[in-house]
Structures are given as C-alpha cells and as structure tokens.
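Shared chain: chain A. Partners: chain B in the first complex, chain C in the second.
Our next item is the complex of A and B:
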C-alpha cells in the first residue's frame, strides 16, 4: 500500500513539473502583459503535434525541444503583432477574446488537418525501478527537462539585460519605457517565451500520454488552477502550484473516481481566488 | 420607446413567420435564432452593461435545463411552472455565487466563472442520481400530457418567443433605469461609482442574478424540446463563447446589438456549416471573424452604425 502512495507521489511530482512549465508560460504572459492567454491550450496541443511529427521524421522528441522552443518563440511573436499589439491597452475583454480567437483558429485548422483521432508518440526509454516502485523513463526525462528549462528561464530573467528588462516591464511598463526600454520588443518577446513554454510542455506531455488537437484545453485549465494557486504572474509560484496540483491529482485518484478530479481542482481554484486572489505565494515576476 | 417598439415588432414578425407557413425547418431555424437572441441579451446585462466578463455563463443554462428536466421527469410538473422554477433557481444560484465571486475583478472574475462551469459539469457528470455522463432521457409519455410530441414542440416554440420578447423588454428597461445607469457607472469606473454612492456590490449581484434568470428558463425550454439532457451539451464552454461572440459582434452594452449579433451569427454559422468548402473549417473561420471584430470594430455592428449614421441613433439603443 505504501508503495502505491510513493509511486503516486513521485508520478505527481514529475507530471507536476511539466504542468508547472506550461503554467509558467501563462504566468509570464500575465505578469508582463496583463493578458490572460486563452490560446495557451491550443499552443500546448500544437507542441504535441510538432513533437509527433519531429518524431515521425526520426528526431528524438527530447532533442527536438530546442527546435520546438524556437518555433514557439517565433509563433508567439507573430501572434503578438497580429492579435495583441493593437489592443494591448484596451480593456481585458479585448485581449481575452483576441487570444481566444487565435485558439479557435488553431483548433479549427488542427481539427481539419488532423481530425480528433488520438495520436501517440511511441517512444521507449525504459523505466527506473526501486524496490516495488517503477517509474516510467519518459516521465523522469520530462520532469528533468522541465527543471532545466525553469532554471534557464530564471537565469534569463535575473542574469541577462533583456531578462531584467522583462521584469522591469512587468513591474511598471510606463516607467520602463521612460528608462529607454523598447517595451514593444519586450512584450513580443515575453509572449513568445510564454508560447514557447506552452509548446514545450505540450511536447513533453505528448511523450507520456496520447493526445488529440483538443487535449490542450485540459492542460490550459490546469495551468489556470496552477497559476491561481501560485499567484498569477509569479513563475516560481507556478512551479510550486504545478507540484501541488500534480501530487493532488495523482494521490486523490487512489481514493476517489478520476472523473471527480476536475470538480476538486476547480473548487480549489474558486476557493483560492476568493480567499487569497494573489495566490498562496503571491508575488511579482 | 421608438427603439424598443421596432425591436419587439421585428421579433414578432420573425416569430410569426413559421406559425403562418407551418414550415417545420424554418421553425427550427427561428427557434435557434430566438434562443441565441435571448442568451446574448441576457449575457449583455452582466457583460455589456456592467463590464464583468462572464466566460462560463452557460452554466446557468445547464442548471436551468437540469432543474426543469428533473421536475418534469420525476414529479410530472408542467413545462411552464418548471421553466419558471428553473429560471428562479438559476437566478438564486447566480445571486449566491455572485456574492462571492463578484468581489473579483477583471480577468480573475473571468477565470472564476470558467472554474464554476467546469466544476458543475464535473460534478453532474459524476452524479449517478442525475444520469451521470450519459445524461437522462424523457419517458416518451411525458409529451402525451401536451397532446403529443408535435404539440410539445410548438409549445416550446411559443415559450421561446415569449421569453425572448421578455428578455428584450427587460434589457431595454434596465438600460433606461437608474439601476442601469448604476451598472454602466460600474463598467466605466467601479471605484468612482462607489465614491459617488452607488451600492456596487448590490447592483452587481442583482445584475448577475438577472442575467442568469433567462438562461435558466431558456435551458428549461431547450432541453424539454430536446427530450434528453447530458452534461456535455448542457455545460459546453463553446456555447459560452458563442454568447460572447454574439454580444461583441452586435455591439456590447446596447439593446439592439446582441439581437443583431445573434441573427448575424446564426446566419454565418448556418452558411459555414452547410457550405461544402467551409464545413470543416467553420471553427477556424469563426476565429478569424472574431479577431477582426475585436481588432477593428470593438464596438460591434451597432457601434459602427451609430458612429457612421448619426441620424439612426434615436432608433438604435
């Protein structure tokens, strides 16, 4: 019995790291741009398909991560200039709807091209066994890649000049502009990084679970719950939120039907929003 | 009053055509148009007047649908009282919920409403007492109380027309009232509204309850006519988005806008689904249209018309 628990907790932590990665993207976009990115799920799904096709062409999905990340940055910057730049100062409704329309576009096109039949990446990297506990290798690698990317993001945000500019814009855009920072570039770049994180998380999830073009929605909603848990706009909070959610998800399904998990997740979401909207670890980028 | 009377006139004309021609296909189309109008007008009260983005508004439609369905199925209640009960229940849920989540502003409120919708959907999916994921079907005998299925469908149609007219009248009077002014003050600047003595929390909560009342009744009628209800169709997030789409397309915060938006949206959707070329791509095309509206016509068709043709301002509210 204890083995089952330990197994669930380890799985939860590893998956939680990946969920956290997607949520960091959402959180970064919110923190810097004050935009709730409703196309996050669509880009997660796009990441899944990118990994699938790279794998089909013979590229290991883990080695493909830099390619997917770069593609994400390019797509994100493009989307910023097409859909967000004009309305970045408009009321929230505009940005909510414009990111949502991007999501409709991607999902509509994806459904047309790939239908909604499940796809899966058939990759085997063995598994790690300790006593009676067996952890799939794909989960372990996904967790490690997530940690590496999170560390790299932190180095970028705290050690590079551009990263510091990103943080400055998230604190006060007008002041940053007055200090000579090209805020348009920073906003576009932040959206690009956010999307890149979403797509990479999607690629990693695709190595573990089967997926369809609609799968992104589930992970987008998880990202919301995670961001709210950790405080919108706080990347480290998103990581911790991801761990909490991953563990809860894997441990409670030992006791209750899987179908009720969303109910519990969203009850937590609404409860946290009401009690402490700044999140359990509320803070700034 | 001019702007209201022509709207009601238009609704009655649209509603009367299938009654005169007895065209069943047309009746189905008009039924959907009326439903869209009523849903869009309801959402407009909280979204357009008050400025709170309710992303999961379809939850009230689903709750209303379930309440009425269970009442009719288990207690043999007539659809009319069942519909009224369903509406009141949805409004009550919204009132209680609103007391809590309307304290959140902007994006936080939007996320919370998505959360509420998903939580209710997951709960219903797992409650075997209300049919779980498969949902529930009417016993065919239910319709015999109304003189057969055909009569029941016509009754649903009349009820939908009546509710739609009621929604439009209510939104018009709300907009013209002191209550409506208070809501619009909240939309423009909530803190300023508080300073000027608007009881914002009371106003917001009432607006939210009012905007949930009609979707509850509409859900009741729709699922009564449909004959079955399941969580996936009752709490479909896409329907919430469709409602927002219609309000934005027509022009938010106006009475005419959501109505025009609903009619245009239904036509666009009908065209895209029927057309061979666009059938598979209709979601992607809706996305492009929505993006274009948000970027270039943020005040919708009505806002655009009002700007370009000032003479019409008196007639379009």
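Our next item is the complex of A and C:
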C-alpha cells in the first residue's frame, strides 16, 4: 500500500511540474499584461497536436520542444497584434472576450480538421523501477523538461536586459515606457512566451495522456487553480502551486473516482479565494 | 538654444479639454519652472510632452524638430526624460536594477558606468542601499532614486514632475538643493512644482499656469516680485 502512495506522489510531482509550466504562462500573461488568457487551454491543445504531427514526421517530441516553443512565441506575437493590441488599455472584459474568441476560433477549426476523436503519441522511453515502484520515463522527462524551462525563464527574467524590461513593464507600464522601453514590443513578447509555455506544456502532456482538441480546457482550469494557489503573477508560486495540485490530484484518485477531480479542483479554487485571495505565496513578478 | 518648445498645445481626457493652447520654451542649460495650483493642467502638459497622452492640437518641438506624434520611448531615446509624479520606481527591483532600467536606451547604455558613478556621488545613500528592493525605501529615498534613474537616461532635458510632493520640509529642501546642484552642472531642466517660493528662487525662467492656460511668465526674480503671484501663491 505504501508503494502505491509513493508511486502516486512521485507521479503527482512530475505531472505537477508540467501543470506548473502551463500555469507559469498564464501567470506571466496576467502579470505583465493584466490579461486573463481564456485561450490558454486552446493553445495547450494546439501544442498537443503540434507534438503529435512532429512525432508523425519522425521527430522525437522532446527534441521538438524548442521548435514548439519557437512556434508558440511566433503565434503568440501574431495573436497579440491581431486580437489584443488595440484593446490592451480597455477594461478587462474586452480582453477576456477577445481571448475567449481566440479560443473558440482555434477549437472550432481544430474540431473541423481533427474532429474530437482522441489522439495519442505512441512513444516509449522505458521506465524507472525502484523496488515495487515503477515510474514511466515519459513522466520523468516531462518533469525534467519543465524544470529546465522554468530555470531558463528565470534566467531570462532576472539576468537579461529584455527580461528585466518584461519585469519593469509588469510593475509599471508607464514608468517602463519612460525608461525608453518599447512596451508594445515587450507586451507582444510576453504574450508570445506565455503561449509558448502553454504549447510546450501541452506537448509534454501529450506524451503521457491521450488527447483531443477539447482537452485543453481541463488543463486551463488546472492552470487557473494553480495560479490562484500560488498567487497570480508569480512564476515560482505557479510552479509550487502546480506541485501541490499534481500531488493532491494523484493521491486523492487512489480513494475517489477520477470524475470528481474537477470538483475538488474547483473547491480548492473557491476555498483559496475565500481564505487568502492573494494566493498562498502572494504575488509579484 | 531652445531644447523643448510647445506651441498652442491643446489636449485633454475623453471629452474634457484640459490644456487650452499652452506655449512654453525651455532653453539649454536653464531651469524652467511651471507653477500653478492643483488641477490646472501641469501634469497633463508634461504627459503630453512625453507622449503618454495624445495631443489634440498644436506642436511639440525638440531641438526644433517636431515630435508631436512620436512614441514615448523614442522621445526618451532622443534625450527627453521625465521623472514622473509619484516617483514610479519599480518596487520589486533593487536600487541598482532600477538604475539599470534608467540606462535602457542605447545612447544611455554606453555611458552607464560614468553615470552610475555620478548619481552615486550625488546620492551616497542610494549607493549604501544598492541591493535593497526599491519598494522598501522611504519616500525621500524613492524620490532620490527616481531622479537618479532619470539621470541614468543621459537626459538632454530632465523633466521633474512635483519632486517634493509628499515629502517633509527637510527632504523637500534636500531635493531642491539637488536640483540646484544639477542646474549648476549645466543640466537643462523643466520643473513643475507647487512649492512656488522655493522653485522661483532657483529658476531661470518661470511660467504660471491657471485653468489650462499660461497666465504669466518671466524670470524667477520678476515673478517673485509680482504682486499677483505674491497674493495668489505666496500668501504675503
């Protein structure tokens, strides 16, 4: 019995890191742009399909991560200028509707092209066994890739000039512009990075679970719960929130049906909002 | 030489017109001051000069070149630098990081080390607090940091919006001494202040604003002697 628990906790940690990665994207977009990205789930699903087709063309999905990330940045920047740039100063409802319509557009188009039947990436990288505990290699690699990307994001935000400009814009956009920072470019880049993180997380999840074009919604909900847990706008908080959610999710499903997981997640969301709305770790970029 | 000039500037927010044709000039090496009570449009004028809000009518010229429609960051790149009202330091960044952000433009980055030495010389207290988060500084220190950050941008003209706002009389004096020092160094400045007496005492030229218009102008000395100013602002 103990083995089952340890197994669940390790799986939870690894999956939690991937969930955290998607949530960091959501958190970054909120922190810098004050935009709640309702298209996050759609881009997660788009990342899943990108990984699927790269794999179909013979490219290992893990080696495909840089390509998917780059594609995410380009797509995100394009979407920023098409759908967000003109309403970035409008009340939050406008950007909420705009990102929601992007989501509808992607999911509609995806349903038309790929229908809603499940796809899966049939990749085998073995597994790690210690005693009676067996952890799938895909989960281990997904967790490691998530950690590496989070570290790279931190180096970018805290050590590079452009990254510092991103943080400056998140703290005060007018002041950043007064420093000579082209804030439009920074906003576009931040949305690009946020989308790239969503798509990459999607690609990693796709190596573990089967998916459809509608799968993104579930992970978007997880991202929101994680952001609220860790405090919106805090990347480290998002990662910790991801770990907490991953562990809870894997451990409780030992006792209760999987179908109840979204219910539990929503309960956590409401509970945190009621008790500590700033998130367990506060929130700052 | 005129560094900055506005010609019949009109602008406002939504339907409300705030500036009704404001013309000012700031000459090289001089300290030009705009005084006036709350809500007459001083900050709006500066926001228009920096391009934070759009101009409805009129022109803004920088060294004779029209910059009315230029984006804010390009104006900064040219050397038009503003220390905003309310300081606006980056609270979660260290003092040093804030100063680095000041030297963001290519032009300023080249002189970063020199400027850093200069501002640490001017504000030794900032050097002591170099690695402290800016949000943890006192109001006076934050104002110093805001001015230092502006200086890091290597300004052709430094625009100061109410630098003494919310500071104690002692700190206000300190800030004014700094402004005086910078003026003696030859820096061109445009100062907006409610502290009429102290500003007039150190300015070369001053404008008095009321209801979105320039009501009077003259050298600091002239205005200080003017009966109208004494009655309206100095309370004597």
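The rule we apply is simple: the second predicted complex is superposed on the first by the 285 of 285 C-alpha atoms of A that agree within 3 Å, B and C clash if a C-alpha of one lies under 4 Å from a C-alpha of the other, contacts with A are read in each partner's own complex, and residues count from 1 in each chain.
The criterion applied here is as follows: contacts are C-beta pairs under 8 Å (C-beta built on N, C-alpha and C of every residue); 3 or more make two chains touch, one makes a residue touch a chain.
On a predicted model such as this, the values are computed, not experimentally measured, just so you know.
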Touched partner set for A:179, first chain B, second chain C, both or neither: second
Partner chain(s) touched by A:224 [first = chain B, second = chain C, both, neither]: first
Larger contact residue set on chain A - chain B or chain C: B
Touched partner set for A:257, first chain B, second chain C, both or neither: first
Which superposed partner A:270 touches (first chain B, second chain C, both, neither): first
Chain B versus chain C as contact partner of A:167, first or second or both or neither: second
Which superposed partner A:94 touches (first chain B, second chain C, both, neither): first
Chain B and chain C contact sites that coincide on chain A, given as residue numbers: none
Contact set on chain A toward chain C in their complex: 161, 164-165, 167-168, 171-172, 174-183, 284-285
Residues of chain C defined as touching chain A within the complex: 50, 52, 71-73, 76-77, 81-82, 84, 88-93, 97, 100-102, 104-105, 108, 149, 153
Residue numbers on chain A that touch chain B, as the complex places them: 30, 34, 36, 82-83, 86-87, 90-94, 96-98, 100-109, 111-112, 221, 224-225, 228, 232, 257, 259-263, 266-267, 269-270, 273-274, 277
For the chain B and chain A complex, residues of the former touching the latter: 47, 51, 53, 55, 100-101, 103-104, 106-108, 110-112, 114-116, 118-119, 121-123, 125-126, 133, 241, 244, 248, 252, 280-291, 294-295, 298
